Structure formats: structure tokens, C-alpha cells
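Some structures are shown below for you to check.
Presented sequentially are two complexes of chain A, the first with chain B as partner and the second with chain C.
Up next is the complex of A and B:
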């Protein structure tokens, strides 16, 4: 009797996590495994041949694929630039929001607006703002004499990548700001008071107290946003579809093209698996931080 | 008052003013696109396509809002998004409260890996999931159905909600539950009768969070919905502006403003929970 009672007691937690674990296993892990396995086959929905195991052929083809390298380069530029600007900008705004001013909560609420707007909707609105003829941006820049004629921001290869990067930064900065603000607010005021008594200036306090103490949370938010930024699809897809040409071709966009425009299921999976590999490297550092 | 302290007061006031100025400019830039969205949605076509854009239309028109309702498939898109988002949220809440409670209250074998796993799976590229899921859905004849989207959204909703709720349950003291157990309640009863009522605010916040995530989703919706009938809002609006030749920007913007509503509701009433939610997820307890 005692043994069965003990078994029952020990198994209770498993009943609680069972639905979640089973569901995640079947709807997430199973397709994931199939996707990775698929990259070793030759499935192409437009060429109906029985699937054949082709080993590393797809990966070799990927290495030789110039579009892959273009997409990888663009994705790295995309991720790094967005990360740097978001972190620097986010920290700046967080520092501002951390000051004791009236209406602080009001500003903090307004900051969140880009996060609240769906990414797809934001992309659509920005597309309208970037429009060549009647777009708001051209008008403002022209009036401020920053440009001398209206530009087609999303159609000129030299402007398009920065243009979409701006949109991604706009969308992502609220998250970074709020998390960094939380980090700033957890620094005890007494440290600053002691430093002030010792004669420290504002800049010194920033460098010696603030930055080291937000380092941990900054690293976490940096890793998180890098991963999300790298995997981000809708903004570029809606604004440019990777164009013009391959100017904004990012890894997810390329995978999508391979998948739904030419139906090369296996090859697209290969690309996605490569993306996963990169993510695993980043995720490793994130998990290490959390432990 | 000494000269030094007067000067210091002046300097402080000046700096405060600078902070206000900087914050105002930054906030203005951040909300500008949204304001422009609303402004465009209230204009008639001849006011939208102006050489010199105007912020406030001379004639406020709600035509865009009415036409998008009557002349397009917009209502259908809205209903689809609603159904999928609500179903996803409901299922996620049930699954996640059970699992979150389990992780929070019990120290069981596999707890650590499971918790870590919840975080790690949220980082997988959605693209890697979409492709095999598409193939599987196709084979199961589930393409273009609500179920396919609900399942797909579960892939992020379940881990996310579980992690959030686990963090939330952690903040609820266990004494009440212990008392209930002593009185003979089973663990399930404890969760249902004691903890859930206490956790109501957190549940509402997580539910809304999950709803908004499902509402905003684009990639799976784009891939799985194949006909006009089944499209969700994000995909529908994107299609409306993706047409070549004459995009009806007024209507597209009106549709966009409406699509922002759940997010705005979430934001207005639960602003402090959003902040809490961000920090819960990012800071280790």
C-alpha cells in the first residue's frame, strides 16, 4: 500500500506537465525532427520522384549557392546593425526614463506603441510612409533639405536595406528599452549617493556603476533580440520580398522563396537547418547565462 | 541660499528640461507611423494623394472604415483571426496553467531540462517548423483550416504561456495550498479551487499576451491559408496592399488601425503587466 501511494505521489507532477509535454513533443519536436531529416533528402514538390536519401548533397549545394552567401551576409548585417542600434538607443532611452521627472509613466507608455502594433501592420504602414510619390518620409526629408528629390526608398538597392533596418529597429526598441529600464531601476540608489559624496561626476557614475550592473540583463536581452531579429520574416517580406534583386534577401526570406515559390522542400529545409545551427550557437550562450 | 545652490538648482532644471525634450522627440518619432496610419484612414482619396500631405484632413471621412466592412472580405478576415486567436489562447491557458503549476510547485526529475527546453524551443526559427508542418498538414488534409493554425500557434503559445505562468505561480505563496492539502484536497483540486482564483490577474495578462501574439502572427497564416475565406487579418491586409496597380491606402490604413485594437487594449489596461511580463521572461528569478 505504501509503495503504490509513493508511486502515485511521485507521478503527480508528471500528470501536470503531461499535456504540455505531449503537445510540444508532437507539434513542435516531431515536425522539427522531420524538417531536419528532410534536409538530407531530395524532396521537391514540383518534381514527383520518390524521396531519396542524398546525404550531404543539399548542404554542399548550399555552400556553393551564391544566394545563400548573399542571404547570410545580409542577415548578419541586418542582425548586427539592428542589435547595436537597439541596444545603444534602448539604453539611452532607458537612462532618460530612469530620471525622476513627472510624466515618466506617460512617456514609458508611449514608448511601447511600436511593440503593440502587429509587425505586419507596421510594415504595411511604413511601406506607405516610404512611398515614392506621396509618402510622408520623402516630403519631410525634402522639406528639411536633406534630400534634393524624392527617392524610391524601397526600390533602390543602395537604400533599401537601411530602410527596412530602420523599421525593424523601430519595432524592436520598446522591448529593449523596457527591459533595460527594469535593470536600471534595480540598481540601488545608495550606490549613486555614496559615489556623489565621494565626488563622482555623472559620466563616471554611468561608467563605473550603471554599465557594469546592467551588464547581465543587457547580455540576456541582446541575445534574445539577436535571435528574434535573425529569424524575423514579415517586415522584409511585406516591404520588399527580398528585393530589389537580392538587396534585402535574408535567410528566412530565401528559405521562404525556396519553399513556397519553387517548392524545393528539402533544400529549403537544409537552409532552415543551417539557420537552426546558427541559432543553437547563440542559444547556447543564452542558456549558459541563465544558469 | 548660497550662490552655488541657486546655480545648481538652475542647472538641474535645465537638465530636466533637456530630458523632457529628448523624450518628447523620441516618443514623437516612435508613434509617428501610428498617427499617420490613423490620419490616412480618415481621409478621402483626394486628400491622401496630396503633394503636401496634411495631418488633419479637411474633411473627416469614415468611409474607409465602412467600405472596408461592406466591400471587402475584411469581416471574414477578422472573424478568422478572432476564432484562431481565441482557440489558441484557451487551449494554451489550460495546458500552460497545468504545466506551469507543475514546474512551479514540484521538484521532479527532469524539471530542469524541461524548463530549459521551454526556453530553447522558443528560439527555433519558425521557418524550420513551417516547412515540415506544411508538408504534414497537406498530407492530413488540414491545410486551409482553423485547426492547422491553432496547432501552429500552439508551438509558440504553449512554451511561452507555460514559462510566464510558472514565473507567476512562483510569486504566489504556498501556505494556502498546504492548508488545503492538509484538509484533504487533491493537487488538482488545489490548483482549481485555491490557486486559480488567486492567479486570475496573471492569467488574464498571459491570456491577452497569447491572444495578441496569435493575432499578430503572419508566417504560418500566410503559408497555411490558401483561400480568401480562411485568411487571417494580417495576411488579408497585406494582400490588400500588395496588389499591383492602385492600392486603396485609405482602406488599408483603416483596416490596419482596426487590426491594432487588441494590441492597444492589451496595452492600455495592462501596461504594467506588459512590463512585468518582459522582465519576468528575461530576468532569472
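Up next is the complex of A and C:
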């Protein structure tokens, strides 16, 4: 009786989380598992033959695929640059918003605007800003004599990736700012007071108090930002579709082309599995630093 | 008491008849119709046609699903793979080869009346037959591409404003006169020729140059698709396209980021003296630049060594092989092709008429030659129109390799010869699967 009662008591929490777990399992885990399994087959919807197990053939093909390496290189540059600028910029803005300035609440609300604008709307708007003939960017830079003629920012290979990176930074920096601001606000002010008494300057307080105490929350934000940025699709798809050429071909864009334009389901699953693997390695290193 | 019960049963029965859908009571057939119509007048016309068909055919319900042009292939594939295929689908060029190759379309040869088959224009027949004499679809509205040119800029450059270039050589000659720095800042701001090269436009318009050079691009030999991108015609067509930007400098490299609307805006703003675009752009130019009335015109496309060729052709209606109502689906299509709001035009012809496009049959061509405005006349030259290759993997090829390669060549990042060798190998490799 006692044992039965104990089992019942221990199992009750699981009954409560079961519905949620089942939902997550069916929406996330099952498709994830199916996708990984699919990468070991040869499913191409345009070739209607029974699926055949091909082992690692798709992975070997992937490693020999020049488009994969181009997309991976672009994705790494894209993720690293955006991460660094968002973290540095986000911290800077958070430090400013943490000061006791007039209109602080207003500025804290204002900073959220890029974050709340839907990504698709933001991408379309920026495409207009970058437009060669009537774009705002050319208009301003030309009148400031920074450029001597209107430039096609999204048509020049050397400019296009930085141009879309700017858009992604603009979109994501509010999230980093708000989370880091929350971290800054949790630092006891007494620590700063004590440091001032001891003669510490602003920079020393930043290095010795602020940064160590926001480290953990910064690592979490960096992890999330890295994953979201690496998997980001809509901005590039709307602005450049991965072009011109392969200048902005990212892994998610390549996966989209394979899945929904070419219907190479298994090969696309292979690419997606590779992306998952990369993100898990990244997450492992972040979490290790957190422990 | 018994009388009251009887009255109650009768009353309940009447309520059921009034409130429960007929389809449930009379075992109605639902025809799922998947299409990409989005212009309000076309949507309204199709709704009207469907309602009339339902009225004339009690027990049949037309269930329309509207999707965007770009999403149509993936949405149709999802519906087929999900076991819920439509009975009838509209298919654009990019879809026909893929879905035909996987056997998605039903053979409706025996359902189409002979007279109707003979009424289709040759290019249209090419698009709806999977082998000689075997039909898996019927052609509907689709436009032809041609040249738009600025008569005012031609006159300023000392060129005859009565027509656009007829040949590649003339295009280069006109180009040199029309490409200029109009404000003296040392940068070219008026270009002779523009065409869309962004995203899927790259491969699409590249085909035009290939065909103009006389290339067949890819052929079916002994049951296998064989690439002809290694032939001299393909090299010549591709090289000319690239030379317009890199050698003759009559087109800017920034076209790699331009879709049809960007090029149209450039034409309206005087950035391009000539543009290559589709028939629907006539209305767009009028709307964007009403002050240009009388200062621009249209002309048939120029020709290359292989002759005058432009992209153009119908979109199609297909009945899906997986449909459980093939004959009924054809009956609805036949209704659209034989009935109309008025005695003058059938529903499918009126769909084309609403947007200044073509319904690809001989009768309609006679109608439009006498009714369409002069600016639309060059877009009626169907004899120059050529469809893309309807191979199962052509769309995969351009999506994964072709579009990016064309853009790279135009930007000068890759040479034509080396790129064509690479593309030739990839096209063959895709079709050997």
C-alpha cells in the first residue's frame, strides 16, 4: 500500500506535464527525428520511386557540394559578425539605458521598435531604403557627398552581405539590449558604491563588477542570438533570395531551395541535420562555459 | 398526441433540409480547384463561372483554393504528398516539367474534343502534350514578352523612334547611342537596355538569349535528356548576354538585383531606354508614368543568329491523375472553354481579355488583333514565343545552379566558357538520376 501510494505521488507530476510533453513531442521531436532519418534515404519527390536507404551517401555528397561550403562560409561570417556587433552594441545601449536619464522609459520603449516590426515588413522596408534609384540611403549619402553617384547596394557582391547584415543587426539588437539591461538592473548598487569609495574609475567598475556579473546572462543571450541568427531566413530571402550569384546564400536559404524549389527531401534533410549538428556543438561550448 | 408527434417529425425534417448542406444530403461531388488567380476582376469572373456551373450541375460543388504564384509548386506538392490533391490545378511554366515528370497529370486526350485540340496555337500544344498527340492539360492565359522603348530618348539620341532594334547588332548600335552620362558627373545614368535578372528571372531571360542564338538547350534522345549547353549556340547566346554588360556596356551590372518592376521603374525614370518585359507591364507603365504618354512604345523582340525568339506561352489547366473525379473535372474545364458571360468570349478567353493577355487559341488571336490597343499588338506575335524546357529537373537546375551562375557571369565574376562547362555537367547529372 505504502509503495503504491509512493508511486502514485511520484508519478502525479508526470501526468501534469504529459499533455505538454506530448504536444512538444509531436510538433517538434517527431518531425525532427523523421528529418534526421530521411537524411539516410534518397527521397526526391520529382523521382517517384520507393525510398531507398543510402547510408551516408547524402552526407558525402554534402561535403563535396561547393554550394554547401559557400553557404556555410557565408553563414559563419553572417553569424559571427552579427553576434559580435549585437552583443557589443546591445551592451553599450543597455549601459546607457541603465543610467538615470530623463525620458529613460521612453527610450527603453523606443529601442523595441525594430524587434516588434515583423521581419518581412522590415526586410521590404530596408529593400526600399537600399534601392538604387529612389532609396533613402543613396539620397542621404549623395547629398552629404559621401558617394558621388547612386549605388546599387544589393547588386554589388562586395556590399550586399554587409548590407543585409546591417538589417539583421538592426532587427536583433533590441532583444540583446533588453535582456542585458535586465541583467544590469539586478546588480546591487552597493557594489558600485563600495568601488567608488575605494577609488575605482568607471572603466574599472565596468571590467571588475559589471561584466563579470552579467556574464552568465550574456552567455545565454549570445547562445540564443547565435542559434537564431544562424537559422535566420526571412530577411535574406526577401531582400536578395541568396543572390546576386551566391553572395548571400546562407544555409537556411540553401535548405529552402532544396526542399521547396527542388523537392530533394532527403538531401535537404541532410543539410538540415548538418545545421542541427553545428548548433548542438555551439550550444555545448556555451553551456560548458555556463557551468 | 400521435398527430402532434407527426407534426414534430415533419417540422424537424424541414429544418434539416433547410439548414444541413445539400452536399451532405444528396452526396454531392466536390471538385477541388487549385489556382493562382489574384487580380480581383479575374477572381470575380472565376467565382461567377463556378457559381453558374454549380447551378447548372446540382450535386457538384467547386471548391477553389487560391495560392500565390511563387508558393504554387510547393503547395501543390504538399497537397499531393499529403493525400489531398486537387482535382484541377492551374500550372505555370516552372511547374509543368516537375509535375509532369512525376506523373501527376492525368492523360485527358480522349476527353478533349478534336475540334478544341485543333484550335490551340502550336506553342500551346507543345506545352500541354507530353508526347506526340497525347494531352495532359489544356492551355489557358499566358503572355508573350517583347520590347518597350522610349521614343523621346531615341529622338534625343538621333535614332528613329518608329521602332526598337531588330537584331543583336542593331541593339549594340542603338545601345552605344543611348547609353550616356546625362548630368555630366562622370557616371552613366542612362542605359540603353534593361531586363530583370534577379532571382528566377536570371534563368528565364537567359533562355531567351540561348534560343535567339539557335540553341535548343536540352533535348530528349533515346528516352534520355541530353544537355546542349556545350554547343557553340549556347556559348554564343550566353556570351552576347554577358557582353551587353561587360563588353558593350549598354546595360548595367545592377540588373542582377532587378525584378520586372525595378526594370519598369527604371524605364519610367529614364534609366533604361529599352526594356525587355511582359505584356502586363504595358498597364504598369501607364500607371507609373502617365506623363510619358506618347513618349514610349512597344515592339516585337529583336532576333539573334537563331532568329527572333522571345519567352512566352500559356499557363495550363491540368486534371490530376490522383483525382477521383477526372471526367467531372474535365466537364468543368470544358464548361470554362465553351461557355461565357456573353456569346463573344468564353470564360477562359475573358480571363485573358481582362488583363490584356492571350488565350492560346486561333479564334482568340483573331479577336485580339482587331480589339487590343496598338501597344499590346507586339505581344500577340505568338510565332516568336518559346516555352522553357519541360524536363523534370530544369526548374531544379535553374534554382540551384542556373540563376546564380547567370548573375555571376553578368557581374564578371565567372567566365562564360568555364561556367557553361560546369552547367552542362550539372544539367546532365541532374537528368541522369
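Remarks
The rule is short, and it goes like this: the second predicted complex is superposed on the first by the 273 of 291 C-alpha atoms of A that agree within 3 Å, B and C clash if a C-alpha of one lies under 4 Å from a C-alpha of the other, contacts with A are read in each partner's own complex, and residues count from 1 in each chain.
Everything that follows uses one rule, which is that a contact is a pair of C-beta atoms (placed from the backbone, for glycine too) under 8 Å apart; a residue touches a chain by one contact, two chains touch by 3 or more.
A quick note: this is a predicted structure, and the numbers were derived from the prediction, not measured.
In the superposition on chain A, A:57 makes contact with neither chain B nor chain C. Of the two partner chains, both chain B and chain C are touched by A:260. After superposition on the shared chain, chain A has more residues touched by B, the comparison being chain B against chain C. Touched by chain B in one complex and by chain C in the other are residues 133-134, 260 of chain A.
Taken in their complex, chain A has these residues touching chain C: 44-48, 67, 131-134, 148-149, 152, 154-157, 160, 240-246, 249, 257-258, 260-264. Residues of chain B touching chain A in their complex: 16, 19-20, 22-24, 26-27, 30-31, 33-34, 36-37, 40, 48-50, 52-53, 94-96, 98-99, 101-103, 105-106, 108, 111, 114, 116-121, 123-136, 151-152, 154-155, 158-159, 162, 187, 212, 215-216, 218-219, 223, 234-235, 237-238, 241-242, 249, 252-253, 256, 259-260, 263-264, 266-267, 271, 274-275, 278-279, 282-284. On the side of chain C, the complex with chain A involves touching residues 73-74, 77, 81, 98, 101-103, 185-187, 189, 197-199, 202, 252-258, 262, 265-266, 269, 271, 392-393, 395-396, 399-400, 403-405, 407-408, 411, 413, 433.
Every residue of chain A that touches chain B in the complex is listed here, in rising order: 10, 12-17, 19-21, 23-24, 27-29, 31-32, 34-36, 38, 43, 93, 96-97, 99, 101, 103, 107-129, 133-134, 136, 139, 170, 173-175, 178-179, 182-183, 217, 220-221, 224, 227, 230-231, 233-234, 237-238, 251-252, 255-256, 259-260, 265, 268-269, 271-273, 275-276, 279, 282-283, 286-287, 290.
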